[in-house]
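Listed below are the structures to be examined.
Shared between the two complexes below is subunit A, which has subunit B as its partner in the first and subunit C in the second.
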Partner chain A sequence: MNKISDNRAWWLVLPVFLLVAFSALIPLMTVVNYSVQDIFGPGQAFFVGTEWFKSILADQRLQDSLIRQFVFSGFVLLIQIPLGIGVALMMPKSGIKGSLCLILIAIPLLIPWNVVGTIWQIFARGDIGLFGWGINQLGIDYNYTGDTLDAWLTVLLMDVWHWTPLVALLCYSGLRAIPEAFYQAAEIDRASKWAVFRYIQLPRLKSVLIIAVLLRFMDSFMIYIEPFVLTGGGPGSSTTFLSQTLTTMAIGQFDLGRAAAFSLIYFLIVLLISWLFFTAITQADKEK
Partner chain B sequence: MAEIQLKSLAHSYSDSPTGPDDYAIRQLDHVWHKGGAYALLGPSGCGKSTMLNIISGLIQPSEGEVLFDGKRVNELSPRDRNIAQVFQFPVIYDSMTVYENLAFPLKNNKVPADRIKTRVQEIAEVLEIEDKLHKKAKNLTADEKQKVSMGRGLVREDVSAILFDEPLTVIDPQLKWKLRRKLKQIHEQFDITMVYVTHDQLEASTFADKIAVMYGGQVVQFGTPTELFEAPNHTFVGYFIGSPGMNLVEVERCAGGVCFDSTVVPLEPWQADLLERMTSTNVKIGIRPEFIEVSAISSDDTYESEVLDVEDLGTYKIVTVRLANQEMKVRQNEEFEADLGSQIHLSFPKQWLMLYVDEFLIQEQQR
Partner chain C sequence: MRQTRSKNIGIIIYILLLLTPVYWLLNMSFKTNREILGGLTFWPKNFTLDNYVVIFTDPSWYNGYLNSMAYVSINVVITLLVALPAAYAFSRYKFAGDKHLFFWLLSNRMAPPAVFLLPFFQLYSSIGLFDTYIAVALAHCLFNVPLAVWILEGFMKGVPREYDEMAYIDGYSFPKFFIKVFLPMIRSGIGVTAFFAFMFSWVELLLARTLTSVDAQPIGAIMTRTIGASGIDWGLLAAAGVLTIIPGVLVIWFVRNHVAKGFALGRV
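Here is the complex of A and B:
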């Protein structure tokens, strides 16, 4: 067969190229542009090389905020993934009860982020909030605006309340996709409940769990509004996460060069960790 | 190992069955004896799989009782009935290797580790998958997967019975025959009660000592392949077993026997006697193509008929003839020659002429 060579065919790639350029490359290049220059105003830009990056990486405030961010995302995954699977396993398999359960569970997902923050800010107050008041009534001293541990627990609890339903819904759909024959075979093979979970349900939830882990990691790693409304990052800076630090830097201090460098690093961390999760899970049983 | 008895069993998938049509199984009494190799034969939708799932406990029957060695087990789960079942389509645990799949039922039964090892090895050898033992089960081909599925059913030694639900559907033909022999060997070796569901009569008769034929939610006959062939208890058995099936002709009572289209067929005195005492008008006679005799000359007990078609099937011929207005099939050996449209003379040997009233066989013992 003769291969026809016509370089004009490259024009066919143009639409995709333009799409990617406008959706990702050009906005990103703006940030790259700011991250390597010191810009005072129009026409007053100085190339500074990697200076911003160096100063960012050495910034104690940012390092603390990064550690907090990792701890927070770690807890989010550790709590929400198992809890979501558990909730999905307990939900009725079908019928009106199943539908009702789905609706009830999905409600937190429908509430806007800043409303979630406001709800918990009031709900957890010791004087007028049912939750905070109730905890105090039990004789436990609880005050999320003053105590670091309480603030952390409240932020975590809020995120668990808001986002575990997403994991649960994903797992529920995964569970529903398992054919009845597998459960029948397991029953015949006298498998225990645990064995059914370990060898039938969990392996078949793998693909939805990849999605759940990635979504929950990315979202929790970029969390901003809810803790901002709930605690404002306090007490002190104990619940100040990365995006709040970034916003303060970019808008509060108008430190655009450093903020741009920081944005790029932030982006790369999210990309790297997501890639790590994805490869770890998909490679896990590729051998043989 | 156990004797499995089904007592006035009925099952409906609807919560409030209104008529017999709502039932997948209707009033059924049956006994599977200890240690037998049985086949459950019937067309799709006749209730075979339902019956199997009721025996294993995956389905609770709406009415009646399931007894294992005389003990009621209706309320017991498959787990407690200690029964093995192989499904139509392969079910494997895909995160496990083949070895782990086969060992799984044994592990769940707390069989000692060294026994698991020898037993899995044994079964893998029988099924010829010993070279695949350490492969991930999900990377196997469809028939290898089904072998693993079957292996999981066969691997336990202490089961009450092993139930097979059309297990060879996904297996290719050459292997099918081999695996069926294997199952038979396993049965002879271990003497476990086995019930094998199929819609293929050949599969049923090569596997089983006795076959239960199911039709419309009932077991219409339970017998050896020979019994099913020689004395079908129900017109459906006559039609379903044999290829081609039995010739069945609707007849009326008349002087000297029964008749159709003014052709008189004489009956044995006991047959005539029994027929006289029945009121039903649904009367049929049946004779197998293999038992019809053909002669070139006419005599008192022959019927003249016209040859419509001769099919050569290699080792024998199937002749389609018209007797009065009825088409019939006659099986003849290779030497048979006849021109289309020519006349031949048929006779129906008395011992092979069956009489059916309301679709059921009239037998001499009924007198």
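Here is the complex of A and C:
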């Protein structure tokens, strides 16, 4: 659609601008302000310039949690995107069965995040949880509170359980938007199932997939509450992701300057990667 | 035919796996703590509603739900009120800085809440809003408003501009056109947006917990009380968890026919 140029449209956007500016710009400025100071208490702050940024970038603990974060987000995308597409392909197309599937699949998304953590905390326990008990019955030694790898895998499994529905529902809506004529044409050409998927469905899913990757990346990169409830970041620091490191620093140790500098670096990383995705989305919109 | 059957079986297996953890929570909420810790049972042997009775009779418990409901409702109303005109502007007009503004809005959806915890706390404390519904509702606008603008803009793009022009020719003023003609046309989009705003505000806890202490404490924060000196009260925790799932399921039922499009942010 051709849009009209009219700067008066700003009046319509102004409420949003003011509201978001109030809850985003003021806190952001506070963070920037903290990041260049060393704060001992009220009225006892010293300007330290970029010292915090230098020390953060060199901090081993933070580098570790950054690497853990990237590995985690990488696995999240690798598992959830294909699985989500698969589920979407299997979902009934319409009718009451379709609605029912939709709602059942959406259930994990509607659960408060701390409850998600709680559910898995119970479900994965070896003594009272079905999952932990089942794995142990199979003869595999599994204990997510003691073993590093088990804990990590449990957090990953929890995230897959929690968020694959989002990818599935996105893809489902993408699939519904493909005109029936495309499939009919494929049938006349006697295209194989795979060819239909590869040359009709997948290209048409492109825009929703970009959104799915974007949302999943952002949210997995900011994950906090669920592993916090499930494992508390342990054992050791195997499931301590960036958000948790940051929160511990800011609130637990009240290390404001460092935490603020860390926040900014964290924010910039997310922003940079998201910007790349966003450009890809607008590009895809243009091609349509 | 065989293909649809294998598809059906696949989806049924997926949904069963998906629901198992939820079933386990439900199962546990009907048990006594003695039974939970006594050994693994696949369904409650001594079926009890005690855990639910505790929640529904103790004000410090059920107030948690009411608090969460209150700030979520306020948030949905604010989000829709400001996002509707903005989304209209983005879908219909080009204006100075529109692309940058749009990305800036979205970038707030991408900001890790942990980054804003402390400044938020200080900001709302300094203006005297700490521990009120409105503080949490405003804080949640940070990620809900950008999302709402994004979804609504997608839905609004689907309405041809000829409708707008026709309404002007018929002598409608802009506010009248917007409320009487335009909003009814995108009501499914509004419903879906309200659902998303509800959902994200309902599931968020980090900010809600930081900005409240007693009067406006969300249910998620109250749940941590089940962890006492004598260990965790598993039955009560499970019952509280089950009750947090119900509002979402009720709300999604109303928008079930449009929610798929909403999940794609109106982009298909």
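Before moving on, here are some points about what is shown:
Keep in mind that, in the parts below, the second predicted complex is superposed on the first by the 251 of 288 C-alpha atoms of A that agree within 3 Å, B and C clash if a C-alpha of one lies under 4 Å from a C-alpha of the other, contacts with A are read in each partner's own complex, and residues count from 1 in each chain.
Simple rule for what comes next: a contact is a pair of C-beta atoms (placed from the backbone, for glycine too) under 8 Å apart; a residue touches a chain by one contact, two chains touch by 3 or more.
As the structure is a computational prediction, the values presented were derived from the model and not from experiment.
Residue contacts after overlaying the shared chain place A:200 against subunit B, while subunit C stays out of touching range.
By the touch criterion defined above, A:24 reaches subunit C but does not reach subunit B.
When the two complexes are overlaid on their common chain A, residue A:253 makes contact with neither subunit B nor subunit C.
Subunit A is touched at more residues by one of its partners, and among subunit B and subunit C that partner is C.
In the superposition on chain A, contact of A:185 is made with subunit B only, not with subunit C. Residue overlap on subunit A between its contacts with subunit B in one complex and with subunit C in the other: 285. Against subunit A, the residues of subunit B that register as touching in their complex are 56, 58, 77-79, 82-85, 87, 89, 91, 93-97, 104-105, 108-109, 134-136, 139, 149, 152-153.
The touching residues of subunit A, when paired with subunit B in their complex, are 181-182, 184-185, 187-192, 195, 199-200, 202-203, 285, 288. For subunit A in complex with subunit C, the residues that touch the partner chain are 1, 3-10, 12-13, 15-17, 19-20, 22-24, 26-28, 30-31, 86-87, 89-92, 99, 101-115, 118-120, 122-123, 127-131, 133, 161, 165-166, 169-170, 172-174, 176-177, 193, 207-208, 211, 218, 221-222, 224-225, 242-244, 246-247, 250-251, 256, 259, 263-264, 266-267, 270-271, 274-275, 278, 285.
If you check the complex, the residues on subunit C that touch subunit A are 3, 7-8, 10-11, 14-15, 18-22, 24-25, 28, 36-37, 40, 42, 78, 81-83, 85-86, 88-96, 98, 101, 103, 105-120, 122-123, 138-139, 141-142, 145-146, 149, 157, 160-161, 199, 202-206, 219-220, 223, 234, 237-238, 241, 244-245, 248-249, 251-253, 256-257, 259-265, 267-268.
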